[in-house]
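We call the chains A, B and C, going by the order they appear; numbering starts again at 1 in every chain.
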Amino acid sequence: MTDVEFLLWVRGPAFNAALFIMLAGMLVRIMEILLLGRKPNLAAARGSAAAGGLHTLWRRSIPDKDSFQRSTLVIVAGYLFHIGLFVTIFLFVPHILVFERLLGFGWAGLPSTLIDAVAVITVLALLVVLIHRLTSPVLRLLSTTSDYLVWALTFLPLLTGWIAFNRVGLSGPMLTGLHILSVELLMLAFPFTKLSHAFTLLMARWYNGAIAGYKGVKS
Amino acid sequence: MQADITIGEALREQGISRRSFLKFCATSATLMALPPTMAPVIAATLEKKRRPSVVWLSFQECTGCAESITRSDSSTLEDLIFNVISLDYQHTLQACAGHFAEHIREQVIEQQDGKFILIVDGSIPVKDGGVYSTIAGMTNEQILKETAQHAAAIVAVGTCAAYGGIPKADPNPTGAVAVADLIHDKPIVNVPGCPPIPNVITGVLVQYLTFGLPELDPLGRPKAFYGQSIHDRCYRRPFYNKGLFADSFDDEGAKQGWCLYKLGCKGPTTYNACATEKWNFGTSFPIQSGHPCLGCSEPDFWDAGSFYSALSTPTDNIGETIIYAAGAGVLAGAVLGGVHHARKKSAQRHHQPVGIDDLEKES
Amino acid sequence: MSASFERGYQALKEQIDAPIAAFLSSCVHCGMCAEACLFYTETGDPKFTPIHKVEPLRKVWHQEYSFWGKLARALGLSKPLTDADLCEWETLVYDSCTLCGRCSMVCPVGNDIAYMIRKTREGMAAAGHAPAGLIGASRRAVTIGSPMGVKLPALQAQIRHMEQEYGLKIPLDVEGAEYMCLLSSMEIMNFPEYLGSIAKIFQHAGVSWTLSTQAFEATNSGIQIGVSDIAAILVQCIVDAAEKLKVKAVISPECGHAYMAIRWEGPNLIGRPFGFRVLHILEVLEQLREQGKLNIKDREVRKLTYHDPCQVGRRGGVLEQPRQLLDMVAENFVDMPEAGKMNWCCGAGGGVSTNERADELRLTAFKRKKAQLEAVAPDALVSACSNCRIYLEDGLEEYHMDIPLLSLTETIANHLADEKLEVIHHDPHLQ
């Protein structure tokens, strides 16, 4: 297969397949969760479960003071790479064009030189997070092969994207093609790994807040 | 045919001054990105080279490549090059026609066996026995195979000859293929473009005559001319880097000369000399004129998604994919979720109360 | 039928619901829950990481309720849950967890890990992997009516004692009283002044109340061991008594999990809403304070701080009331660092104190509370759970810290203005 055929394949059938599996897979995952159901709560409510759910949805994004002091590295590096991913994925014009195809609408992007810098910071943050996972006793106990695989699948699009943008090394079609392929691999992994948290955390936070809110506690 | 005189002799016969000749060699050196010291080498080599025969076969083509070569720079020198290389067969430029023209082709093959250069433009149809393009009762495929057998090397000029080009575009009704798809035992130099840049065509020929077969990239193109992408030499690159893109052909960004990525420019994945050599004697090239690069020197450029869709976007109909995926996901999710739900309910129905005597295992 | 792995496995299957599936799908192994758990922070042992404690539950979810999990198991890509796993996890699920729920407050993806540990206990217990101490307590709770073996005569003896001390009648089995009060065995045996205090306060505020000789025990061992069937039996007993006496509300005493048991789990355990309200004693006292029915004669001058019992505060929702009451009765009340819903556990709840095997670990974990106390340096420590109280005392003694423990209810009772009652106490905590 030539470089050009490779690029056309990743832009064509491979993208379709990845998109199909990611979307269908996530829907299956979400429905599997929802259809397990919840028993209605027969105790007298003190507060509103729905208000609690909504509250925790956003409030949980802000760590409490003690947790921040104890887990500073995890929180800072974690936020850096999440925000970095958000910026590089959603605010880079060539990517916005893809979303325009997917959603039917687009939005303004940031200067590409800024995205370039953010990508570098994100890569560094991801490396920090990996080192932490490899050295912290708690994370060494918790971590599975899947954690490391997901790390690599998250790292590769950033690395290949940066390389493709800065044109280091291989031919144009190959650089762009490898980047798109790495994104497709990430998409494929979504329904089958902890990456699903990107969607299911909304459900988890909601349930947490609802359970607490019912009792009158803001969690 | 005067195949036995050297190029140097031919030039002198034409009254071309040594000075003009050296100027041409210097231009060629620059074109191939060689240092100025190479100019005398080119001059010395060309001078001594025998005027090789060149047979130019035109198959399923639009004649754009032939048109292009006639626009090659320094036109009087190009006339000389034609004289120098003894162009013995070329449909558009040759004076004779009919059986006589074919006879000349056969003679060259016989008398210059293993020595002549074969230039091909246009793709070769192979479907239905190749009936979609025939000359003098022979299919293009037959002519090509018969001629190529005796050639020293083949230069596939234009994207059609190099990769199949427009005739090969989906659904490819004639079964068009590239030269390299049919000939596997001769060196082939691809000079793609739709059409290729005039000076690139002649430059490749000069390079071949001077240095023999040039260094080729994985797609068979001379690295000297196709080694860099449009994107890497594009004067609008600073705008790409900054993220300043034209959104339409006549918006403020377009008028400011911003990057045409959003309008579908294939510059990043296209390898050619357009951004540096340009067209019309160095006047301009598509991007400079405000139109995104089509990627015309790349294989399957016609089927690589719309010319006006950005390189980052998917080429297929993903709207359909989304609908199917959503449907499949919800359906499968309902089924699987339903099964889990039922099994859980079953477990609950078969619940055996745990009393204080059930807290320890029977020893 | 005795315990077995199959019964435990089935129990876990029954427990898994949508929230649990959402939680387990979202965990990213960030490890932040470890830093919220006093058993990890004071030992540094990674196995006490909260989400690690629910691994048995996760395995069942994965291999039963997720298609890809089932496939992975079928292909041999993941290991199924075994009885050996449950055996190994016993100390993690029971000794190193009080269900305090601090982990549930910090998890960035929103997992309620304490909720999951509570459910994991259902499987552990049905499989025969609950601690002996809790098994014994549950048996006594069901057969005798109290996990500590406190029978009615013992209660009656304490009632007579308090009636003498406080000069008040303790009402028994009064039909139509507004409140039916429960007592924990711990209070009956170790802190009977609680009973005297509520008698005094209710008299002062003009509240009609009663005890029930049929159902006086608030402690619910079923909740602690994690067997809903047993917990339901104990709750049903209370419900029957309350409905028989036609009271408006049942008051849960100064006890943590008892409140959780009757207030939040109760109706769900017996499968129907109650015909009466359930209130923690602090809620009642706060209501009385709001209504202006509590007159204070003088205020406590010692510097006081408050320990939030986990099941009352963070998991129960009674957070503001103690502070309002302390503002009323104390001159110098100061909250400790991380007070309120983020307060640290005393380390003894959720069945840990009933589990002798966990003593050493509990005392090590106490260092977290010790650090809080050192930071706030109070003259006395107030709480509203007698289990917290006795084990805070235990911890303070272990570390040679001289800080007296006070019950909030008793403190209020001791500062009530009432000329009619000249109560002679020999309460060593009062000066």
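By our rule, contacts are C-beta pairs under 8 Å (C-beta built on N, C-alpha and C of every residue); 3 or more make two chains touch, one makes a residue touch a chain.
Note that the structure is a prediction, hence the values are computed from the model and not measured.
The most central chain, judged by the distance from its Cα centroid to the centroid of all protein Cα atoms shown, is A.
For the interfaces A-B and B-C, the C-beta contact count is higher for A-B.
Between the Cα centres of subunit A and subunit B there is a gap of 39 Å.
Distance between subunit B and subunit C, defined via averaged C-alpha coordinates, is recorded as 77 Å. Those residues of subunit B in touch with two or more other chains are numbered 336, 340, 344. In subunit C, the positions touching at least two other chains are 16, 65, 67.
Across the assembly, subunit A contributes residues 28-29, 32-37 that each touch 2 or more other chains.
Contact residues of subunit C toward subunit A in the complex are 16-23, 25-32, 34-36, 40-41, 44, 46-47, 49, 51-52, 65-68, 104-112, 115, 263-268, 271-274, 277-278, 314-317, 319, 338, 341-342. By the touch criterion stated above, subunit A contacts subunit B in their complex at residues 2-5, 7-8, 11-13, 15-16, 19-37, 92-95, 97-98, 100-102, 109-116, 167, 171-173, 176, 180. The touching residues of subunit C, when paired with subunit B in their complex, are 1-4, 7, 10-11, 13-14, 16, 64-65, 67, 122, 125-128, 130, 135, 138-139, 142-143, 225, 227, 229-230. Taken in their complex, subunit A has these residues touching subunit C: 28-29, 32-39, 41-44, 46-47, 56-57, 60-61, 63-67, 70-71, 74-75, 78, 133, 136-144, 147, 191-192, 194, 196-197, 200-201, 203-209, 211-212, 215-219. Residue ranges of subunit B in contact with subunit A, taken from their complex: 217-219, 229, 231-232, 240-245, 261-262, 268-271, 298-300, 303-305, 310-316, 318, 321-322, 324-326, 328-330, 332-334, 336-338, 340-341, 344.
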